[in-house]
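Please go over the structures that come below.
In the two complexes below, chain A is the common chain; its partner is chain B in one and chain C in the other.
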Partner chain A sequence: MSAITQDRSGTLAPFGARLDGLTDSVRKAAIGALHKSGLPDRRVEEWRYTSLRFLAETPLAAPADIYDVAQVQAQLENLGLSTGPLADLPRLVFVNGRYAEAFSVPPADVEVSFFAKTQTFGTLSCPDRDPLTALNAALATDGAQLHVPAGKKAGHVLLVSLGQTDASVSFHPRHSVTLEEGAELTLISIQAGQGRYLHNPVLEISVAAQANLRHVTLQAEGQDAACLATTYAQVAERGTYDSFVLGLGGALSRQEIHARLAAPFAIVHVNGAQMLGSRQIGDVTSVITHAAPDCTSRQTVRNVLDGHARGVFQGKVYVDRVAQKTDGYQMNQALLLSENAEIDAKPELEIYADDVKCSHGATVGALDEDQLFYLRSRGVPDAEARQILIHAFLDEALGLIEDETARTLCTQMLARSFPVAGENA
Partner chain B sequence: MTQFLDISGLCARIDADGQEKEILKGVDLSIPPGEVHAIMGPNGSGKSTLSYVLAGREDYEVTAGSVTFQGQDLLGMEPEERAAAGLFLAFQSPIELPGVNNANFLRTAVNAVRRARGQDELDAVAFLKTARAAAKDLSMAPDMLKRNVNVGFSGGEKKRNEVLQMTLLEPSFAILDETDSGLDVDALRIVAEGVNRLRSPSFSALVITHHQRLLDYLVPDRIHVMAQGRIIHSGGPELAQQIDREGYTRFLAEAAAA
Partner chain C sequence: MPAVTETREAVEKLGQSSYKWGFETDIDMDVAPKGLNEDTIRLISARKEEPEWLLEWRLAAYRSWLTMKEPTWAKVSHPPIDYQDLHYYAAPKKKPGPKSLEEVDPELLRTYEKLGIPLHEQAMLAGVELPEGETARPPIAIDAVFDSVSVVTTFRKTLEEAGVIFCPISEAVRDYPDLVRQYLGSVVPVGDNFYAALNSAVFTDGSFVFVPKGVRCPMELSTYFRINAKNTGQFERTLIVVEDGASVSYLEGCTAPMRDENQLHAAVVELVAMEDASIKYSTVQNWYPGDENGRGGIYNFVTKRGACRGARSKISWTQVETGSAITWKYPSCILQGEGSVGEFYSVAVTNNHQQADTGTKMIHIGRNTRSTIIAKTISAGHSDSTYRGLVRVQPKASGARNFTQCDSLLIGDQCGAHTVPYIENRNMGARIEHEATTSKISEDQLFYCRQRGLSEEDAVGLIVNGFCRDVLKELPMEFAVEAQKLLQISLEGSVG
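The block that comes next holds the complex of A and B.
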């Protein structure tokens, strides 16, 4: 019996026979779950605002093993990875989901292995609940597995994913990052590419006691691409997971994170910003689970939406009965630059403990006419005045990135994508 | 007609909560080059509206009249074009710009008008030197250049920041909309001195104020009384004391009888 005949929803058709004949038990279980649920449509609550119709339009083949070396070099250069401060950092480069050794410089203080060799799935992800994670489990071929030993301050690592294709393809990297007790790492994930592809990575993060992972993701995927990324993070006692996602690219993107504060005094930051135009859809979805007392979570997301772009923010903070003294804050703010832009914001608090401090909110608005007039009355032309105000709005979010190298990268990439914004302004 | 600033029969209205409200009802006013004029008048007489209309705020609709500024049709120009042409409005309530550094803001503005005027742009070093010196003249704390524009500024600091902008943008015509409100005596003198430093045959100003006190430091060539959307009386600098003593009642009665 082929996978297609078992696919009752019909949503798996783009993947064709790629889902057939897999023998690994994890993969078989994932396919079983997928066959049951199909890929989610908008009747599924978690996907109410983000349609995956994009995926149904064409078959998504497995990418070819070969790629154009000169193009990869040009892409790396374009991302500022060939010269300047980022060029000297250790990096793991994946092209179409496969490790590209020729472009990589493995870090000295981090133990690195690859999913292609180990075929080990972690234990944090939820393929039964999350269909995109099941799809990843079924089709994953490679990924970086980083391990930072106890007490090691490992500096920076760049995790670069490049899509590069003429055909419609999908790749499903399986990454993991483990920090042992007291370890430190700054991980800069860069997602970029050209052509029509689906990038569907799963990243499992485990932060042990008193360890500190700073994680900045720059999503600058190609304009015809979809990036559906799911991260599962678990943080132990007095550990910190401080993350920031800057979303700029892709026709469709979703950065979904499930973070679990598993022991007292853990800290999780899930901040972000996105600037989208034309018909881009950018979805930031998070579920932060306070499973222990005295933990802190922070989430500030700022959206700038132009043209017919649509931003989605779904943020859930779940506070378990035992998680007394929880300190939670969540804020989503959107700046709409055009009448056709849209933001769907769904902040949610679910609290079962009685001694907590949790707040959340959402704001949406256009550029402030008084501020605009003030700038123009000082001689600043209208278009420049708008850009100054948009920058100011996003700079306050980018200021949440503690690592200076990562912040500079984000600021530069943001500035570069500015000409896109302002269309239909 | 002065060939500098000539306002003739100016009428303007604003759409307030769906209702159109006529605020300027035929303002006639001419300011020659090199002169400082003051406008006084009761609350709601249209003084601030006049300043906004001159600066180009879009929510006011001009329904009649004309404004000629140095031979150009001012009302046909965008706000930034008016600034480049030499007009400056010191806001009654300066706007806060969170996330915008004051020094960057000032430099962006200065270079925008310099570009438009065909002058060379200032580099960061040259600009900072000029800006620091001008800020010092206004007794501004050095860190005010580093802070976000007007964010967390006291009322007096905001007004000084307006005068700083005016100094750096080198306008030929400045409108000061109640720049004295909320200032203590020392700040008032510093602000007035800031304006006096700009006085020259090629600089004119229109000072909107409620108080004669500012005009002690910033002595005007002419004083106009505005009420109900029109200039109802004009006179020399001695008019300030008269208004201070007697209020506006007599002018209002004369205007009603006329």
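The block that comes next holds the complex of A and C.
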């Protein structure tokens, strides 16, 4: 909250000279902001639970143009994109932040352009306030720009980002999705990779009146990777933005969503689940702004934390003075499986309108001993019983994914990140 | 929605009329010159005839204060405070040893009478109704603080017989230096935060309570604070130590005269509970909140903290906050002892341009520690009210348990109500539950009451009282009555 006044450009050292000599006015402004703020540390309220020290350890170069095609192919296969139901869906694949035409199948009903060609920055993001967005604005080279015309029911699009690198690199894709009036789209974002990299995407989403965007993000980044993703969504009258984020991978990940309900009867869902182990840090941060009356927001986030993992949830619901008849609900729950796991939660309500119905809840605990006993007494082995209970806990969140294809994908990926069931370790 | 409009109008009507404690007492004051430096602190220490170690302690606090910045994280805003433009010491004119009521300045006594503080035993008991079927209630002991120096302490003898020490902290420094030295600053260290450091440097008086092993304090202890001199910040220091198996209930209530200039108040309260000890600390705070345009009013920046040092100890904070222009206050519990219990019950009412940022911290360190937080916030007028709370479970606090409930009620569309809980858990065996709601008074409830013949005001009063009941029922009865009165004054017009 408190402004940091001293020059903190020293924290930008990992990016070396990459930030020098940029001339575009947007980029220059972003670099100016970045030099003032630096990369945030834990003294910044919005980052009090998530340290970016991980980034400061090695220089992060721009990725090379060449990558191992066979490895990328293997990754796509591993994600189930080569065969099966997902293989037939249109997809836009980015490798190390650059569009990879060879692996992509552009959608028929969506107009697609690329940041590499247009260099257009949207208007929804806040580089002055959000340092990671400023970093993206400074270093963005490519990204998908999807546009769904009015009334079009555009079906599914997969937006796949793969990291594939031997060196330490960072890439900063800049995506945007625009739905015109009455349009519909199901967007499945997949974030995965191998090697040590920082993936720092910014996604701007604009949902026009009565349009409906279903957005499922599967974060399965490599175990040495950091993913710091920021999404800005704006929803117009009677429009819907229904988002779900499943966090599984990365040494450090943060999914930050800023959703703005800009006109009456807009609906926003910001749901998610995290399943983390070893020394992973997973941060789900959201700011939902009710800027118009009669809007509805829903948020359910569930965390399962094993090993030395640390889960972070920061959810703010802001209700403007004009946003009467707001209906807001937020729930964050965490299950701790290990003595060394940690959860930090900060669900926050900031309300300036009186005729509202807003509530939030948070629970933290271990597996319920009674439930475990129930299963054990019926002959279910301990490990399996635990698995059943963990699955049940997460299924309630996954059940919020409306799109069946996306839900199946998430369920499968989740099952894979579990240790093998039924074997007593 | 006519009902809403009416309510809003009613709230607006409150204005200046409602601060019934707005009067000023003219007594000769013994005032230190404005400004804060080491000389001021030496002067305070000398006036109070303090031992050398305390002066050193104050100076250490002052030096760490110099290195600190005012905290800015709270959701309050005020013009910068010029700490050099304040008097740091004001004492009522001192006759040698005014230890009985007869010797006390009659003007002072009249002030207490106006405040309704029953200094005499009879007066004290007169105002108290006995619940049905109960025999005479144990009396209350009052350590009255008039600005900075405690003038009269009643019931000293009864307490002494029980072995309870209850006296102004300046006397305790003189009479029980070892006890004070052992515990002062042990819960809130001198450099804890900006305001606590300031308090440690310049505190002038406050209460000291010591309840020895196994003693159940025979009466409820009470301190009434009253800010009186112009431009005088008040820096009370309260220290309550309860030994193994002992218990005490302490009441703190405050009113202040109406005034145009903002006044700073930075108190520190430290509680220490040993094995099986229990402390109940209740506050009704009704300092001048400023006029309807937000001018004047008290700045209330308080550090209150209790340490549950022993196993099965218990500290319970209950507060009804209706006054002050700005409230910055987080009564906290450090739950060290195994199975110790922390509680926080709070009602915060803001109206006009008042700002309140209040809540609690529950730090679970020991095993099987438990905490409960119930916070009710009512915002009206142009006010802003924030609940800010931390629940932290340390790695060794297996079996820790927390339940938190924060409810906010908004009256009118120009106010704000905010909830900022921090939940930090590092133990898998802990269970934490948090829930919060924000709403206005429901039309259905209002309609239900109106339909049964209640006026709009009575209906709102009934609903607000119901909204706060979970907290009010935690107050000792004498305070519950006063608290309900204060709710009425604060929300007069919308509360029947």
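Going forward, the second predicted complex is superposed on the first by the 410 of 425 C-alpha atoms of A that agree within 3 Å, B and C clash if a C-alpha of one lies under 4 Å from a C-alpha of the other, contacts with A are read in each partner's own complex, and residues count from 1 in each chain.
Following the convention adopted for this analysis, a residue touches a chain if its C-beta (ideal position, glycine included) is under 8 Å from a C-beta of that chain, and two chains touch if they have at least 3 such contacts.
No experiment lies behind these values; they were computed from the predicted model shown.
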Exercise. Is A:Gly151 in contact with chain B, with chain C, with both, or with neither (first, second, both, neither)?
Worked result: neither
For this session: Please work out whether A:Glu45 is in contact with chain B alone, chain C alone, both, or neither, and reply first, second, both or neither.
Result: second
Exercise. Which holds for A:Pro85: it touches chain B only (first), chain C only (second), both, or neither?
Worked result: neither
Exercise. Taking the superposition as given, does A:Gly10 touch the first partner, chain B, the second, chain C, both, or neither?
Worked result: neither
For this session: Please tell me which partner, chain B or chain C, touches more residues of chain A.
Result: C
Exercise. Touching A:Leu336, do we find chain B (first), chain C (second), both, or neither?
Worked result: second
Exercise. Which chain A residues lie in the overlap of the chain B contact set and the chain C contact set?
Worked result: none
Seminar exercise, completed: Seen from chain B, its contact residues with chain A in the complex are 55-59, 78-80, 82-84, 88-89, 91, 94-95, 97-100, 105, 108-110, 112-113, 116, 165, 169
Problem set entry | Complex interface listing, chain C residues touching chain A | 4, 72-73, 395, 408, 410-440
Exercise. Which bits of chain A are touching chain C when the two form their complex?
Worked result: 1-2, 45, 321, 324, 334, 336-366
Seminar exercise, completed: As the complex stands, chain A meets chain B at residues 369-371, 373-382, 384-385, 388-389, 391-393, 395-396
